[in-house]
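In the two complexes below, subunit A is the common chain; its partner is subunit B in one and subunit C in the other.
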Partner chain A sequence: MNKVMYLEFERCIGCRACQAACRECGGHDAKERNYVEYVNFFENRQTYPMMCMQCKDPACAKVCPANAIQITEEGVVLSAMEDKCIGCRNCTFGCPFGIPKFDFEENKMYKCDMCYDRTKHDISPMCASVCPSDAIRFIDHDEMMDLRRRRTQMNLIEGKKPSENDKWEYVPEFFGVYSD
Partner chain B sequence: MTQFVVKPGVKNLHHEGEKLITTHCCYCGMQCGMHIRVNEKSGKVVGVEPRYDWPVTMGKMCPKGVTAYQTVDHEERIKKPLIKKNGEFVESSWEEALDLIEKNYKRIQSEHGKDALSVFGGVSMTNEKCYLVGKYARVALGTRYVDYNGRFCMSSAAGGFMKTLGIDRGSTLPWPELEHTDCFFMAGSNTAECHPTTIQWLWKARDKGAKMIVADPRETPTARIADVHLDLKSGTDSALANGMMHLLVKEGYVDEKYVDERCNNYEQLKESVKIFTPEYTSELTGVSVEKLVKAARIFGQSPRSVVMFARGVEQQMKGVDNVSLYTSMALLRGQIGKFASGVATFTGQGNGQGGREHGQKADALPGYRKIDNPEHVKYVSSVWGIEPEEMPKAGVSAYEMFDKIQRGNIRAMHVICSNPAVSAPNNNYIWDSFNKLDFMVVSDFFLSETCEFADVVLPTTTWAEDEGTTTNLEGRVIRIRKVREPVGESKTDWEIMQLIAERMGKGKYFPYKNVPEIYEEFRLASKGGKADYYGITYDRIEKEDGVFWPCPSEDHPGTPTMFQDSFGTEDGRANLAAVGWQQPGEVTSAEYPITLTTGRVVFHYLSGTQTRRTPFLMEQCPEPFAEMHPEMASRYALKDGDYVYLETRRGNMEVKAKITKAIRKDHIFVPYHWGKELSVNKLTSPALDPTSRMPEFKVAAVKIKKA
Partner chain C sequence: MSQLEKSFYSKASMYSFVVVTVLFFLMWVGTGQFSHMDWMLFGYMVSSFIFFIGITVRLTSWLMRPATNEVIKRSIRNMKTKKRQKRNWRAITKTLIDNIILQKFIFKRGLYRGVQHWLIAWGCIGSLAITFGLTFGWMHFKLIDATTYQMVVFGIPTLEMAPDGFLAQMFFEGLNITASMLLIGLAMAITRRIKNHDLQVTQRAEFDLFPLYILLAVTLTGLFLTVSYKLLGGWMHPQLALIHQITVVVFLIYFPFGKLFHLPIRPMAMSVPMNYQETPEVDTKTCLGCDELYSNDEQIADVKAMLGAQAFDLTNEDGDWLAEYCPACRRKLRVMSQLNLPKKTNSKPTPIETNNGIHMPGFGRKRSEEFYQSAEAKEEF
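Moving on, here comes the complex of A and B:
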């Protein structure tokens, strides 16, 4: 997998298409694994998507007493293996981003696997595929670095873009997630 | 013809035992490209796969699009005709239902004349079906009373474009060009929620430094990212547009050469915008002078700009004026007919564009012809095989049909693909009218609120069980493919119209064996009209990623960019609008001190018949709410989530308050996707635009209290 997930929080329009699409992924059992939240709806409509960072040394896997959370050779952190997971929920507390979810009926954790059945063939995950505002993208590492530099250039040229809202105080402008 | 269309090098995930069928979403005018996943053994629809190579939407979908397929094999589908017996619906055979329809239609027409029947259509259907609705009403039933739900949605845009540009094509430019635009002036469009997949194009342009100016009483997710948010009062668009043009003229931003060569009425316009100084405009609209000046400078200095608008400006008593004025802004800047610039309206319904061009409207015939023009009547009659004298005269608009019911002129109605019990303004009047009908038939695939008033409900197919074409918001004609066989005993709308036509003794005028046969006749019927589809074939649509009308012959490339050389008016020149300012139909008073405005949320579509039955969407937004500023909430001692009682001169409702600073302090917003006690349209105003006959959903005076 040569591609990375690239998030631009500011672009999020709160439509939750990524969550609807997450349910569509094969093997996701019609349960979404990502989040979309308001920063503070009383103030404005800024939302942001949140999904697994696919950490290089993931806390969820480290705190798992059953070694149930596997990492693929591409670096994708998978949901706990069903036969190993003991339902202790350590992972849901260990993750600094609050990503893993717990299914109390099935007594097992589930989390974003970057649509591994798609991404292992270099097909974009469902969330990034559908995101109407390109807040979530699945792009080449080089393209991501280029985008980051370009955004900085734009800000240098224009200064802080004129805006009536203090959105820049709320959200970082970009965030890259490495998978390899 | 291929079922799965994909460009070389584009990868999709194919699940074992499934096939992908290429089509478009059933919801809004974006008509996002998608592949539907079908189980090869059961033939059932099981999911969706992005269509990465559809040039308008690039695989993007909103949550409605992602879940659209779930309505096809839905447990609440109506699978057999229903007849109301002793107040309860009972399943029946098609024979029995058609017998009953035939008996009642014939009885009513013999007692009260031909025009006692009426047809209420919709534009969430293919061009083939929309075309047939007009023919069905006029030829099979012989009635003048046919109109459609586009009156609640598109007709002001149509009226305004006809007046200024001479042709009503929703967008004068193709969507992928938006990437190269320098400035978007967007009025009354919450694009991020209502047409979300457009946002990618705005960002592509913004990444190159493009500016966005958004006029909306709410700081919507669209307005939030604007460079200037013109937070105007609902219903003051004509003042805002005049104010902007005042500044364009004053600051020298007018493209004098373009206006001189291509536009009429410039002197009149200059005269009429004279009084709209920033101070006066600010007083009328509630937008600060600084913002007005900043917006005019950004817009005026942009080399390529697009003026865009939607229901916010159209659903007003002056919708046509608003559209004409905003269009004139683009004309003053010399933008229409050029690359990456122009004017566009966001079509609300899937086939809002195609559906309004081909004779579903009370006064229109296919190809954007007029029923009061004898030449037009003669041509269409020849295609239909009737005598021109047999063509009924013009009818009345959608809302006015209910006046006709109240007066006893209309005694029966066939509602096709629409749910006016939720979507029409002043609901109480609509419900009372339905109850006054002698006989009512509804074709639908779910038991909508309108169905509940019916004597007979006919089960139709969803969009995925039939093929045809639609025209998206750009004016691009595209292909809808059949994904599965009809569920249960449901039939397509065209088969239903055909069956009733046979019962009325008019079967010979509806000889179609399949959809392509209807399309062939429809192409011919549109030939030579303003919306000319004659050169567009199914094959070409597939090969060329859709074809833009007008396209008069098969060797014509289609028309992605309109008005490059001349306009559609008689003298080929655009008519600038010189109209002043007028108050909305209802203004706030001491008794009704607050402005109520309505609109959509991203999770629901129109009357919600489909989206309220989709689990994911209902989880996100299960009920309507009254969005208000904390300052207003404080005045009425309301906390977030408290129930609030809203009352206008026409109706009342109770909803939960949702508090945010992202709305004007003097406005309340309620979304309209729910029926019965949750329908905000009980409260909305039926003040009609004098030209387009479109009701003023966007402005009503309301009083509130804690419930």
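Moving on, here comes the complex of A and C:
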């Protein structure tokens, strides 16, 4: 897997196509695993998409008493294995980003797996393939680095100048799994 | 305990030693000081010992994981608390009936899957119980007189029955019944694995398919033994028995190290109603950010302890653990920090701040007198 997920929250227009696409992904059982939420509904209608960061050292797996959350060799953090998951919901509380979802009916946890069946063949995940405003992109690592640099320049043009202490905050975060 | 532990190479070896000693002692009792060992079952016996050692080693290392350890510690503490006895027993009974005996949650994932899993699970547990009972000599059957058969458990004579009665038939055909259950369940499971493309994405041959095939081999060779002596007049029986024994030995040795290990760890599901959420979907703890109910105190304390034990410092600037916020608030915190708009986490909604330092706010409004005066002054020049 050579590509990475690249999110630009400001680009989100709140159409929720990514969620509809997520429901269609094989093995997702018609339930979406990503989020589209309002930044602050009292202020404006700006939304943001949210997916799993696919941590290298995932807190969800570390708080799982049944050792049910597995990581593939590409680095994708999978949903809890159905045979092991005891349905304690620790992962939903351990995750610092609030990603894992829990199904009380079927007593199991499910989470964004970056559409593993697609991304392992370098096909864009469902959400990225339908996003009309490029808020979610599945791109080459080099392209992502390029975008990050351009964004830093954009921030400077806009007039907000990073200082020594916070200059890294002007570089948008990327996530996903990549190998150089 | 820790002193005793130091006498051994590791925790796992200590517990394995205890388990082997206990098994050996029970065998000694059950077989009347080894007077009626069934040497036909020797291969089964050796592999059963390996099975128990494997289970012990795996369970020990599993219990040493920080997360598991935390859950078990709290479970033991709750079991000892007098006040919680009622809740404990309710949790244990409920988990035993719903999750283990009836496996309701799998039926909710689909009737097909439920039936398939129930048949395999109880076929396996039944077969294992009979196998261990016979190989360790814990029970055997004795002929008292020409018309009475008796079951002897640990050297203690119990149930008497007529050799052609219903009860006796059930005992003799026990393994055939469990094998038939397994055969149906396995056929369903293998069909599902072949037909369902979603499953094939993450399935691994050695992890998901091998246990099914080894179980199928055990079942088929076992059932064929019955076919051989009932229908074929004992055709190739010794050879078939040996083949069956080989499959069972492979199965028993594999059991603790593969997918089937989920069987001994499943009872931990009772810790959920016992320690955490008593009734499903009813929360008692409120989120620090939005005041909504999202969890319960015990669980958050456990999660924090687990994260702390593994050097995860997931706290914000105010010193609050992220686990103390509901998932929705945590998502928002991440977005705000990524957009370079850190927000006071506990604050109520505030009026919109439109002054960004570049654009002047309020174009439609009249400005202060000073502004117009200076403009007029410029015009005069």
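Criterion: the second predicted complex is superposed on the first by the 153 of 180 C-alpha atoms of A that agree within 3 Å, B and C clash if a C-alpha of one lies under 4 Å from a C-alpha of the other, contacts with A are read in each partner's own complex, and residues count from 1 in each chain.
Rule of thumb we're sticking to: contacts are C-beta pairs under 8 Å (C-beta built on N, C-alpha and C of every residue); 3 or more make two chains touch, one makes a residue touch a chain.
All of these numbers come straight from a predicted model, not from anything done at the bench.
Colleague: Contacts for A:Pro65 in the overlay, against subunit B (first) and subunit C (second): which applies, first, second, both or neither?
Modeller: A:Pro65 contacts subunit C only, not subunit B.
Colleague: So, A:Glu43: does it touch subunit B (first), subunit C (second), both, or neither?
Modeller: So A:Glu43 meets both subunit B and subunit C here.
Colleague: Who does A:Glu105 touch here: subunit B (first), subunit C (second), both, or neither?
Modeller: The second partner, subunit C, only.
Colleague: Now for A:Asp117: first (subunit B), second (subunit C), both, or neither, which partner does it touch?
Modeller: both
Colleague: Examine A:Ser129 and indicate which partner it touches, taking first as subunit B and second as subunit C; both and neither are also allowed.
Modeller: So A:Ser129 only meets subunit B here.
Colleague: Output check: A:Tyr35 vs subunit B and subunit C. Expected answer is one of first, second, both, neither. What do you get?
Modeller: Only subunit C; A:Tyr35 stays clear of subunit B.
Colleague: Which parts of subunit A are touched by subunit B and by subunit C alike?
Modeller: Subunit A residues touching both partners: 10, 26, 42-43, 117.
Colleague: Which of the residues in subunit C end up touching subunit A in this complex?
Modeller: On the subunit C side, the touching residues are 62, 65-68, 70-72, 99, 105, 108-109, 197-199, 201-202, 259, 262, 265-266, 268-269, 271-272, 276-277, 280-281, 295, 299-300, 302-303, 306-307, 310, 312, 314, 322-323, 325-332, 334-336, 338-340, 349, 352, 357-358.
Colleague: What residues on subunit A touch subunit B, complex-wise?
Modeller: By the definition above, subunit A touches subunit B via 10-11, 13-17, 19-21, 23-24, 26, 41-47, 117-118, 121-124, 126, 129-134, 150, 154, 157-158, 161-165, 167.
Colleague: Considering the complex alone, what residue numbers of subunit B touch subunit A?
Modeller: Answer in residue numbers: 11-13, 15, 47-48, 50, 52, 59-63, 65-67, 192-193, 196-200, 203, 207, 209, 219-222, 224-229, 294, 602-603, 616-617, 620, 630, 640, 658-662.
Colleague: List the residues on subunit A that touch subunit C in their complex, please.
Modeller: 9-10, 26-27, 35, 37, 39-40, 42-43, 48, 50, 59, 62-67, 72, 78, 82-84, 86-90, 92-100, 104-108, 116-117, 159, 166, 169-170, 172-173
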